[in-house]
Amino acid sequence: MTIDPSAWTLGAAMNPIRVTIWNEFIHEKSKPEVQAIYPQGIHVALSDAVERHLGDAVEVCTATLDEPQHGLTDELLEGTDVLTWWGHVAHDRVEDDVVQRVQQRVLEGMGLIVLHSGHASKIFRRLLGTSCMLRWREADERERLWIVDPSHPITEGLQGDYFELPRAEMYGEFFDIPAPDELVLISWFEGGEVFRSGCTFRRGKGKIFYFRPGHEAYPIYHDENVQRVIVNGIRWAVPSGAEYFGTGRNIPQALSPIGKKRRG
Amino acid sequence: MTIDPSAWTLGAAMNPIRVTIWNEFIHEKSKPEVQAIYPQGIHVALSDAVERHLGDAVEVCTATLDEPQHGLTDELLEGTDVLTWWGHVAHDRVEDDVVQRVQQRVLEGMGLIVLHSGHASKIFRRLLGTSCMLRWREADERERLWIVDPSHPITEGLQGDYFELPRAEMYGEFFDIPAPDELVLISWFEGGEVFRSGCTFRRGKGKIFYFRPGHEAYPIYHDENVQRVIVNGIRWAVPSGAEYFGTGRNIPQALSPIGKKRRG
Amino acid sequence: MTIDPSAWTLGAAMNPIRVTIWNEFIHEKSKPEVQAIYPQGIHVALSDAVERHLGDAVEVCTATLDEPQHGLTDELLEGTDVLTWWGHVAHDRVEDDVVQRVQQRVLEGMGLIVLHSGHASKIFRRLLGTSCMLRWREADERERLWIVDPSHPITEGLQGDYFELPRAEMYGEFFDIPAPDELVLISWFEGGEVFRSGCTFRRGKGKIFYFRPGHEAYPIYHDENVQRVIVNGIRWAVPSGAEYFGTGRNIPQALSPIGKKRRG
Amino acid sequence: MTIDPSAWTLGAAMNPIRVTIWNEFIHEKSKPEVQAIYPQGIHVALSDAVERHLGDAVEVCTATLDEPQHGLTDELLEGTDVLTWWGHVAHDRVEDDVVQRVQQRVLEGMGLIVLHSGHASKIFRRLLGTSCMLRWREADERERLWIVDPSHPITEGLQGDYFELPRAEMYGEFFDIPAPDELVLISWFEGGEVFRSGCTFRRGKGKIFYFRPGHEAYPIYHDENVQRVIVNGIRWAVPSGAEYFGTGRNIPQALSPIGKKRRG
């Protein structure tokens, strides 16, 4: 499905949305069962999906852990409207100064989509201030994602009041995040847990969307509803709004007159 | 300024946004000083402004208190994406069944922009559940509106960290509303008060934006920044998201198997 | 000034909390299976539980639908710190002027605990502005309530990360409420749904807690965890804070000087 | 179980609240005009005020930058229910591992009251994830703090709809914080700015209150309303709620049965 660009986005996006898909890219090279699902890597699967849905309305590029600066150069970040993040076993191999630069770009307005195990990434934890930890289990169980905010553009085009994934890794509460600004999706798991699976946060001028589904051992990023939510998330996270003032500013001259006062 | 339609909206708005501008339309017919500012009524001034900013991306119509059903027939409401509301001295002349139908349409997804003295309208109070009352004073004082959420699309295109209105009626806290879902603008008033001037709320599938400025005795709706915020609010409030389920639904058949249990 | 430790509640509650337990009280008189569980009515079971937990710290009284003014006289409401509400089949028999008075008292600061099927009561819908409707099923299924805000006083004393009810009526999303100010508990149901089961809202000076569990056909109000949450909710909802200003106030005299301006 | 009325606090605070007052303690030793206002340091002034208001209900101790580990040993932090933080010129002299331990204690439930220029402290910025920067001006101007949530226990005992400080340093928007969980106070400044002066946040099990007033060059911590808000904030931030789960937990055994599925 190609969506006409005229149907999109919060921001002044006359121009294509510039999306960067970041992937740790380790499991796909070392585990045959993951390679079978994502032969070129999760980032390429996601990149293909985003391009298929958004067509000319998007320009996608990818970056991975093993590239210099993990592929996230100043130049690339400056030219990124929305960054998606997937990592799992190598969060601590992400350099702190890269994390610092990504955080700064988010504050300046770059959208950030954090996927699945990215909950434990340095960048997510730094932006949220909590452990971001959770319960988990790999037991081939059914997940059902319920829409709890049908007004939210991230749910655009979903049919019915939920969608399902037949086999998924379980993530359960307590999910140690700040109360999200908006709670969009809650997951039900066959084995007995629930999870806040679609959450938005704002930091500075940047919009952040955490979306739970997606384990390397399941073909979840090939699922049409999952792709739709990610694409909607990207559109929603496009920079919008007013100028960002993120530094201390001394304003010695008052805007309105201040009366003289006697010291006590 | 005409904004290209390709730059817009959260929803699937390939088609023009259908906006209905509702106005009480009393002061403009009875007070010469108001007539001087809004010779054809506030609704026509707003309508002109929205059309000027959005061009072909919008279809605007107006409705007023004195029309049958206050102009808000089922047919018009069904064909409205976003309704704006201005009223002041005749809130209690709005029929309850019209209020009921507007509320239902908001729950179903129609956007609602409540302007200035519309804070005391039946529809706003019914959707919010509080008195929606406030402090006020007419004293020709300066208002300065500060942006407290620069990530919000409603602030798109505003320059700097605030904008000013040289002469305004004062509205002050405590403004008896539920905590807004998003607080976008806070006003400073020369005479000493503050006010939460740009607030969003969600009810059902509908998005609501309250925007303070605009008194009949000041040319505030001719101000460019005020127009920009209203236009941004309309774009933001366009229906989006998933299907709305607003009725009780008995679902006798479980989605997943339920084990037999012995009664205690 | 020394504050007695007994004042450390949210409110200035040196004195006992005055709780009124309201019950529709219909099923218990007409259905033997309900009578077996609540022989004197749900209100008496709740009243006993609250007294058992809070002892001298509380004064409890009850009121039911069939009493004059449904038992909710001005005098009683004036003397109530926290009102709990249970209704099911007779919501539309509650008089509008009683609803109006309860709403006014909530705005003035009276706490309100809405239980289970009270989601469809006039008072809850009026305070929230939405339909408050939901999915439901009676199928003897297991419910597991997960704590998603362990910082909240309403969860005080709960053990572990969830508690269970072996057999319950199901309530599922979409629950048509405004986004709650605080989301405390999410339910998992055996048959496949999730539900926002513990939600807080503020209206005026009043604090509102919606708590899902409790069907007339299950002994849920005899469950210790359920009682604990209700008791915590009552303590949390005790009036606190500053003076409530819920009427329009004209303040002709500015607090700070306003400069003279020339009319445009 | 009968709960003693003295337990009606948010937490299980039968015992005195253990408060630790942290102060950078630099200006008071180097600037005579500051020494004149706070001869023993801001921490001692605050400590005296808290003890005067809470009497036996509190145990206060202080800690300062120059002590080993800045006075914040593991033992002290373990024994602290609520920590207050004042710093200004030496934020970067606070050791990262101390910040790390304070953050961990907040996540585990310790309350944190961040005062005035503490907005730029490492601990506040780490918990919030943003720059926490703002506009500022020292111009002897009047500040008026408006109550925008009269239901909040932090406003307990305040008279009227605002309180004033005759001379204050100005802090203005944009204040680069995440949208607060609760917005309690908004400041008006004579020179033309507004500021979100009383904000709450939750991180993990911990409750955080940011309160703006208080500059070393003004006797603001001797003001009765300011003291009252700080004391209310301390009482509100006392640990409460359920157990905190802040580590990843693998739960291999499902709570409810999971059906066998066929791969692919």
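A few comments on the model shown:
The chains carry the letters A, B, C and D, assigned in the order they are written, with residues numbered from 1 in each.
By definition in this document, contacts are C-beta pairs under 8 Å (C-beta built on N, C-alpha and C of every residue); 3 or more make two chains touch, one makes a residue touch a chain.
Computed from a predicted structure; not experimentally measured.
Seen from the C-alpha centroid of chain D, the farthest chain centroid is that of B.
Looking at A-D and B-D, the interface holding more C-beta pairs in contact is that of A-D.
Chain D has its Cα centroid 29 Å from the Cα centroid of chain C. Separating the CA-averaged centres of chain A and chain D is a span of 30 Å.
With each centre defined as the average position of its C-alpha atoms, the distance from chain B to chain D rounds to 36 Å.
Across the assembly, chain B contributes residues 135, 142, 144, 147, 149-150, 161, 172, 174, 179, 181-182, 190, 192-193, 202, 204, 244-245, 255-256, 259 that each touch 2 or more other chains. Because contacts link each chain to all the remaining chains, their graph is best described as complete. Per the touch definition, chain D reaches chain B in the complex via residues 135, 144, 146-150, 161-162, 172-175, 179, 182-183, 186-189, 192-194, 196, 257, 259. Interface residues of chain A, counted against chain D in their complex, comprise 103, 107, 120, 126-131, 133-137, 139-142, 166-167, 170, 172, 174, 176, 178-179, 181, 190-193, 201-204, 244-252, 254-256, 258-259, 261, 263-264. Residues 4-14, 109, 142, 144, 147, 149-161, 181-182, 190, 202, 204-207, 236, 240-245, 255-256 of chain B are the ones that touch chain A when the two sit in their complex.
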